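Multiple structures follow.
Both complexes shown next keep chain A, but they swap its partner, so chain B is in the first and chain C is in the second.
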Partner chain A sequence: MGRKVGIVSVGNTEYTSTRRETREKSEISNAAVKQALDNVGLTMKDIEAVVYSSVDGFEGINRAERLQPCFGQSYNLPLYSLNTGGTGGASAFKEAYHLIAAGLYDLVIVFASATFNVVVDNNQILNTAWHPFFEKPIGENVITYAARLAMKYMDTYKWPEEIFAEVAAKLHRNAAKNPYAHLRKGYTFDEIMASPMLSYPLRLYEVCPVSSGAVCLVMAEESRARSLTDTPVWIKEMASISDTFLTGYRDSLHFDRLKILADRIYKRAGIKNPVKELDVAETFVPMANFEHLHYEAMGFCEEGQAPELIKDGTTEIDGKLPVNPSGTVLCTNSGISASLTRYAEVALQLMGKAEGRQVKGPPRIGLAHAWGGSNGQYHAIGILERD
Partner chain B sequence: MMDNKVAIIGYALDRYASETDLSSEEMGFKVAKRARDHAGVKRFDITSVHGSTMDFFDGVTISNGLIIPAAGGYNIDSTRIQNGCVFAIISACASILSGASQVAVVCSADSVNYDIFKVSNASTDCFFNQPIGVNHLSTYALFSNGYMNKYRISDEDIAAVAAKNYKDGASNPHAHIQTGYSVDDVLKSKMLSTPLREYEVAMRSSCGGGAIFLTSAEMAKNYPRKPIWVTGVGVGTSSINLDEIVDLPALRYASEIAFKTAGIENPVKDIDVIELNNPFSVFELAAYEAMGLCKQGKAVDLLKKGVTQSKGDLPVNPSGGTLCTNAPNSGGLFRAIMAIKHLEKGDGKKGKKKRALVHDSDMSIGMTGDSHALMVLEREV
Partner chain C sequence: MRKRYSMNLDYDAPLGNAYSAFMENLKNEKLVGNRCTKCNRLYVPVRPFCDICAEETTEPVPVDSGGTVVAYTVYCIESLNLPKPPFAQAIIKIGDAANSFMHFLGGIQYKDAEDLKNKIKIGMKVKPVWAKSKNGDILDIQYFTPA
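And now, the complex of A and B:
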């Protein structure tokens, strides 16, 4: 079996709108990498490998990491470039975990790009991820896809469209407490319901913005991790799952692959009752209705019951199982970095460094998730824990 | 590093060509299925899929969506590494050694025709380099000029390297270009970008694919084929400044780590065959030096002595190399499988081949910031 692997540091940049962004891509990358290294008093010279992730089709530049000098190229450090869509950050995290656990490297940097920061029309480029002959020409994009899921959910379980505004209100409230969130306005339920309809039943504030900013993690093998920090966060389990590429084969009511993956991971991690045993969860929620589907796939409630968990406050920051205390992707959609941020946020919570959004406890074990590919072909889950 | 070795238990390669009727997922399915039969692995024994393709080569954003399910990734763990297939093999090795995966498949396919000049131009800086038309060929030429001026290399010398590759490619049934161009043919071909002529830069093999199955040393006993072992790996990345890479420090860095992990002290003596990604002739000479096969600036002597010929002491690219088979996505698997076939054939200088070195790089989109991976393969004799 592999070696134990820990997260020792999280480096975040400021987050803003892509329209207001004044930093160049490499400046954002450099800021995140430098912050992560500075936190634990390291320099690039100490690092043995870098794992990078982005989606080139979204960047407008092919293999943008080859142009950014902040990844140790001057020291000829290995620079692994991953691209698995929205799960890219999670895949990079998983890759670094495997490389360290396998004994190939002791100290690795994981970085996920601020992908969208040069993009003019986000939905247009997202459309290029669908099948070029069968699905792309009909104009598929993530908002219409999420709206279809939301309609089927409302129709099947007889919920009103207000349930999505309730989730969004919780996330906007949380993001207002998070210094590393992009939208920190704390929109209320009424403001959300009054925002313009984008694709029925999803409104503007129930859909993520396009943000700019990035996150970087430093990961290390056990003894290095312990020497670098008093609060290492260990990786207990980590895996991804793939669906078919063509989306017509899928159940548009649930995230059924996510359910299979969650069951698999819980079994390996010895988790029987996730709501009781997990202390915090960060899931990838670009559209408000995804959070319901995550609750059900991850076994937090029965199918069709997710809106109840929002209503009774179970998943609030001070609830029984806080879910998305950061405000998640709905408030900070920094491209591929947003999927790595889920892991970074859980790590910060377990380290006790989550500032305004810190969950009480102190939390010992958390779940991080990522979603990506055409209509969510991929899901990834990691279980993180501290000593 | 690399305390345990990883077993390669089966592989398959599709014929490389300029055109195909198969889409990339059909090609991926075909080779992955054949490799699975070759390895004797059952469909649901696969625990992870490691793809290696690039969005810009496939014409689809998140293009691994196509190849991962086709290679057996439905319902299981997967990833996609963009640097090249040997990097994906390293990813598979890491999965297996960390205990996360038991049987891993590395799969890649090429099936799209695109304009490499546009793609390589889109891989350069959008403010300073794209407008002046920098592309892969211009970086190859700048590198070649830098190297050739530094070590006084003549046009005839670099044509001889190309001819060596074409000669070997002509006798390799798996190679795409089997024309066997001579030194004269190469020198007479038209100048593309000084000092590189048409036959000194690899033509593209747009269509083809490959797959390899890997498992742990323990699990390898359950499968019928005698495994080829991955015993060492090394990776390095070049500086983004062209003037810093004339001596290929990234390849040197990667080879030092790969040799250390595999316990190789003298590469010329300890390695039996090398499969190198040489998208243009000059790179092969510079690579001899970076990999420590000879002293700096002495690559031409090594070539002239015949050491790296297919019948020499240390054959480099007996498959014809990238000059004969230049698959942008799956080239790393082509080279790995060629090396495995050499090891399995067991002929060569000592009557038995034992150790091969496989090189991979993402140089097909240009020379700066390029990454290099080396993998040592061994066969027990």
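And now, the complex of A and C:
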């Protein structure tokens, strides 16, 4: 156990589509960093280290230095750069937590890139993340990956394809209340079912958009955190897990590593009944069917029963365990920022600053999750709490 | 203003003994697998070493090329540098291999993408259809087709 570490500030930019984006990459980054610092009256001069994450291939350049002007290049700061694919933001968050908990620094910023804002076709780039001789030539990308899981889920548990539209409808409804969501149209079940098929059984509005925008967190050691804000959010536990590179080891049905990770972190945090004990959860759902798999791996329900939790309202904003009140990645996929946003969203919920998407209470303890890698080699979970 | 650009980068990768043997055998319309010398798990496609034990794997030997569809989808949209849609793509398990591999499903008559989706079943037995010209490449198998 190290020192207690808190999130003291969240800096967000506006989110839009990559095609409508007019801001240059560094302008987006600087806006997020500056807002995070401004919220608590800091400047980059006060910061002791920067933890950054992006992912190769999507940036239109292969190194992080492009964003150095946003990271205190004038103040001789150390920069830690991490890349665990889509989980990168969570890995950066975890690294910042470790650095402060270990006593190396008291005040750190975590920034996750607005990764996708220069891409022409995300699937073209995602395809290059799979093995070049075995899986890339078969047209693999994250939509085919998720679609196979969805087909397998329907086949195994005998659910109809409407279950995916039911999840998506909840998420679009939530995102409409979130000023930091990209898609805020609140698409209904009928509109989702009428949207074009992308890869059976997943339709357009059951798959994330490609978004531009970014998020930044300021994290601090306990006494600094308390001096900077009245609403620090503490990291109770943080853990991550990895899986094989090749797809062919998965059963195409479960997120089995996520289950191992969830069991591990619940044990450490003393959580026995997550639905009862957690007040809010933000999980990484770029394709609607992931939310079912999360519920089952995270012990919110038995295997094959996740659609019931959507139908009975358990995970609505006013439900027993609100899951993804922000509308999650399904409505805003800002690339690597989207994984850090899960942590930012739980922090905002616990601070009572989640505006239209605020869970009543306000909540005291929340779970933030991120998923990433070409076919989900990585999961990360943080348990966050307030005083 | 926006600026469009691309990066054309060339690579030249040595494959090692196991992958080389796998690709060479594809040229002769043979699927090969290998086993862990410690846990005896079968790998198709071959693995250079056992992913679980980190021990050596055996010399690759031909295996029955029939397989079973574990999971699949039919992809319906145009994407840059991806195959022309619609295409059916599956995770296929060969025999009792510990891993499985990804390939196209083809040779199925269909009206539209939905019809193609309906004509494929999880658990369906499939066999490879070989490409006419071969280059020691995973696409020397043109696709798998219902057996």
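The rule is simple: the second predicted complex is superposed on the first by the 382 of 387 C-alpha atoms of A that agree within 3 Å, B and C clash if a C-alpha of one lies under 4 Å from a C-alpha of the other, contacts with A are read in each partner's own complex, and residues count from 1 in each chain.
Methods note: a residue touches a chain if its C-beta (ideal position, glycine included) is under 8 Å from a C-beta of that chain, and two chains touch if they have at least 3 such contacts.
No experiment lies behind these values; they were computed from the predicted model shown.
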Check: Can A:P137 be said to touch chain B (first), chain C (second), both, or neither?
Finding: second
Problem - Partner chain in contact with A:N123 - chain B first, chain C second, else both or neither - result: second
### Query
Where does A:L79 make contact in the superposed view: on chain B (first), on chain C (second), on both, or on neither?
first
Report task. State whether A:M298 touches chain B only (first), chain C only (second), both chains, or neither. Result -> neither
**Message:** For A:G248 in the superposed arrangement: first (chain B), second (chain C), both or neither?
**Reply:** second
Inquiry  = Let me test your reading of the model: by the given contact rule, A:R66 touches which partner, first (chain B), second (chain C), both or neither?
reply    = first
Check your understanding: Regarding the shared-chain residue A:A239, is it in contact with chain B (first), chain C (second), both, or neither?
Key -> first
Applying the touch criterion given at the start, work out whether A:G373 contacts chain B, chain C, both or neither, answering first, second, both or neither. first
Where chain B and chain C land on the same part of chain A: residues 60, 132, 244
Seen from chain A, its contact residues with chain B in the complex are 1-3, 49, 55-58, 60-63, 65-69, 71-74, 76-85, 91, 94-95, 97-99, 101-105, 118, 125, 128-129, 131-132, 238-245, 257, 260, 372-374, 377-378
Chain C residues touching chain A in their complex are 4-5, 11, 13, 15, 19, 23, 45, 51, 70-77, 79-83, 87, 89-91, 98-104, 113-114, 117, 122, 137-139
The chain B residues in contact with chain A across the complex are 1-3, 25, 49, 54-56, 59-66, 68-69, 73-83, 87, 90-91, 93-100, 119, 122-126, 233, 235-240, 244, 249-250, 252-254, 362, 365, 368-371
Contacts from chain A onto chain C in the complex sit at residues 60, 120-121, 123-124, 127, 132-135, 137-141, 143-144, 147-152, 155, 196-200, 244, 246-253
